[in-house]
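Order of writing sets the chain letters: A, B, C and D. Residues in each chain are counted from 1.
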Amino acid sequence: VRIDLNADVGESSGLDEAVMQAITSANVAAGVHAGNASELRRTIRLARDRGVAVGAHPGFADAAGFGRRDVHLAAADLEDLVLYQVAAVAGVAAAEGVRLRHVKPHGAMYNMAAKDAEMAAAIARAIHACDPSLIVYGLPRSELLDAARAMGLRTAAEGFADRGYQRDGTLVPRDREGALVVDARAVAERAVRIVKDHVVAAVDGFDVPLHVDTICIHGDTPGAGQLAVAVRSALEAAGITVAPVL
Amino acid sequence: VRIDLNADVGESSGLDEAVMQAITSANVAAGVHAGNASELRRTIRLARDRGVAVGAHPGFADAAGFGRRDVHLAAADLEDLVLYQVAAVAGVAAAEGVRLRHVKPHGAMYNMAAKDAEMAAAIARAIHACDPSLIVYGLPRSELLDAARAMGLRTAAEGFADRGYQRDGTLVPRDREGALVVDARAVAERAVRIVKDHVVAAVDGFDVPLHVDTICIHGDTPGAGQLAVAVRSALEAAGITVAPVL
Amino acid sequence: VRIDLNADVGESSGLDEAVMQAITSANVAAGVHAGNASELRRTIRLARDRGVAVGAHPGFADAAGFGRRDVHLAAADLEDLVLYQVAAVAGVAAAEGVRLRHVKPHGAMYNMAAKDAEMAAAIARAIHACDPSLIVYGLPRSELLDAARAMGLRTAAEGFADRGYQRDGTLVPRDREGALVVDARAVAERAVRIVKDHVVAAVDGFDVPLHVDTICIHGDTPGAGQLAVAVRSALEAAGITVAPVL
Amino acid sequence: VRIDLNADVGESSGLDEAVMQAITSANVAAGVHAGNASELRRTIRLARDRGVAVGAHPGFADAAGFGRRDVHLAAADLEDLVLYQVAAVAGVAAAEGVRLRHVKPHGAMYNMAAKDAEMAAAIARAIHACDPSLIVYGLPRSELLDAARAMGLRTAAEGFADRGYQRDGTLVPRDREGALVVDARAVAERAVRIVKDHVVAAVDGFDVPLHVDTICIHGDTPGAGQLAVAVRSALEAAGITVAPVL
């Protein structure tokens, strides 16, 4: 039994060093929705020195909205925007002796591409054009993962141990009660159940099936570092191998 | 006994409507470190319709770092940057029939101006040039409040019920354990103690004196709405008047 | 006989001081398509000290395209974007003791609003909400000026002495031969004819009628300062009063 | 006898297609001081289809100033900023089957790096880290070319046929008379003299020695396309081979 732990980094949270102690894959902001050239490079070096796999984390060109606001682009423009960001992160990583391993879209782009097949295909084309060996991260059963597989790209389905789930397997929206699980022990227990039993308890108490290759640790909330360490320790104590996606 | 509850809004958190149910003063992002023209105007209307006082929330021109990274500007450039943002928010508010009431700098600008007298004076000059009747929000005993008072501006000292304090009265840094108090009941109790007894329990258990005119509710964490309502209810149950700064 | 000479300034051309010696109205970039808070304020001071009327020059939020690329916004978003920029320039001007006099949209926004009635109305609403005494600059017979007049705003029709005209009264596109008149003497003579005779020679040699209240001097081409002085001198030598729009 | 003709493209001038008919090297804006991901990719395709060599044109992260304002960065930050931009352009070019050939810094970065050895070294390090086979464009006898050569990078010294020169071999500043040569025939004659005789006439009439590998055609002024064609025709008529730098 094996799982990858990933976190979004390079987003000026001030918590990257702490989070990087526990994760196995780092999604590095490409300097468009967050970060900048120097933070990008520094974060890549940090991941390299910690043995953490490096991925690109492209987002909409809406830094003032932290990439969380829906942006409606023509498919070709979305493709270009993702290609640009993946190319930049891959090139900076190469200058640091690191081969880019994966791509995980950010925020509104991630959510829109989960449901919109045209957007999903545009993103998959961009990633494929950059490097066909890249792994695409996304929600299980999302349009994004379908589009990636259709192009021959490898994929990783992602779950969230610190977010509430609804009975239909979707996340509780951020403005509803139960959106976040804050107790570190509870988060760790959920992570273990997700990996070992392939289920997560929904907000109404029912168990929901969840098959994932990687678990996301939110890196921008205070205490993210301790939370990541607690999750990793609990997983390892349960005999699970914590390592990058194969 | 009276206290103001304030929150940073217009920053694309998706939680503004929920938070605005409980606060009495809204610090509206000026479209530079976060937000944009439409979000700014919509947020001002929302505050107006809820009877919430409107303030400007200027930040560094570093949206990709969410205004959290230190930026070292010449004092005159900082003054111009703050004047621009306060002018924009004040003008949009005026078009909506609202008079701007206060200014609270954001993130790194807030923290730097607490300790740097030259920056504090530049910010105070900008606010005074825009409207000498504005109230300046800042940390108690900060350079910013000193500079504002020296120019004849009104001030409001700010406390945090959901942040950990150190024994010297400063906040626990965001990457340390105890940085955030997440239990809603604990936050509400801390708020009541701050207002009634002028003390807060530090992370080591000792009580620290804290005299404030306004308490900040963080508006960008999941559950912020419920937290704000819980804090306001507890304050009112304790016989405290929750209302804007006089 | 009377004419206003206007130029776009505050756009980092390095030529503002030279141009400001000859013009009577300055369209100051609002820090969105070009400029920033400090350049905005410095340019307003320069105009004030030279006795040049100050206007706002709002543009699309596309600095990397210098506001020259078409951006398709919902009408309400365009209105908010213009309101934000006019409010910012008006507020900074007020802090320098200057009352804003006019508004001229920039680049693609100017061209789109000349033909698109919905965009024109959105811009006019924004200007009116900010200050109903502002004068709106635009192309003669444009949708923008029609919309402004329909709201009771004053308007100024604008001509170009250094741009080629086609026989239908429209400008020669920038990528065609004859787009620019570069000889200072020729530009000055065209300006005098426009003001005195209300005609301009089109690229095919025919005279085209042109009734304008203000002539634009391009401020971002090398030699703009000398050109502006040459135009003003020729106008004054022809007995024309060069002064802001009434 | 051989010369390269280069132009800055991908900067939203609307003139790229026209200019691309005559040049042999295109400096493509990296989406930071100008352009964006889609314009970048489209411009690279246009160059590829025309047989024009593709280079990166990195600039300061100051789109609102069009990269023309001095920005003072720590050397490491400048290095990171250049690396990021060169990596992005190289990666997008690779996705289009094009190998990046050269790098020419933009505007204020170009001018500052001509005189500042520390900045020059930082830029050279970034280019070298990205790809040691890249050719660096800069002013003859500049710190930038010295730093590039010191690292083993190839260099190309650049001249300007449409800019006025002073007797000391430097360019006439943009706000002075004689800054620009606008007559196409005069520009073409100057180009031929620069290549054949290695001299250019300064504004005071004296001939100044000028040894260059490439001549810059300004791509953002109306009529740039015709000017480029005129220069190329004159060079070829004089028996000069117009081709990319070897």
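Some observations on this one:
Just so we're on the same page, a contact is a pair of C-beta atoms (placed from the backbone, for glycine too) under 8 Å apart; a residue touches a chain by one contact, two chains touch by 3 or more.
Owing to the predicted nature of the structure, the values given are computational and were not obtained by experimental measurement.
In terms of the stated touch criterion, the partners common to chain A and chain C are B, D, listed by label.
Averaged Cα coordinates give chain A a centre that lies 39 Å from the centre of chain D. Chain C and chain D have Cα centroids separated by 31 Å. Inter-chain centre distance (chain B to chain D, centres taken as mean C-alpha positions): 48 Å. In chain D, the residues that reach two or more other chains under the touch definition are 31, 36. Taken as a contact graph, with one node per protein chain and an edge wherever two chains touch, the assembly forms a single closed ring in which every chain touches exactly two others. Across the assembly, chains come into contact as A-B, A-D, B-C, C-D.
Remark: chain D residues 11-15, 17-18, 31-36, 39, 63-66, 68-69, 173-175, 177, 179-180, 182, 221-223, 225-226 touch chain C in the complex.
The touching residues of chain D, when paired with chain A in their complex, are 31, 36-38, 40-41, 61, 76-77, 80-81, 83-88, 90-92, 94-95, 129-130.
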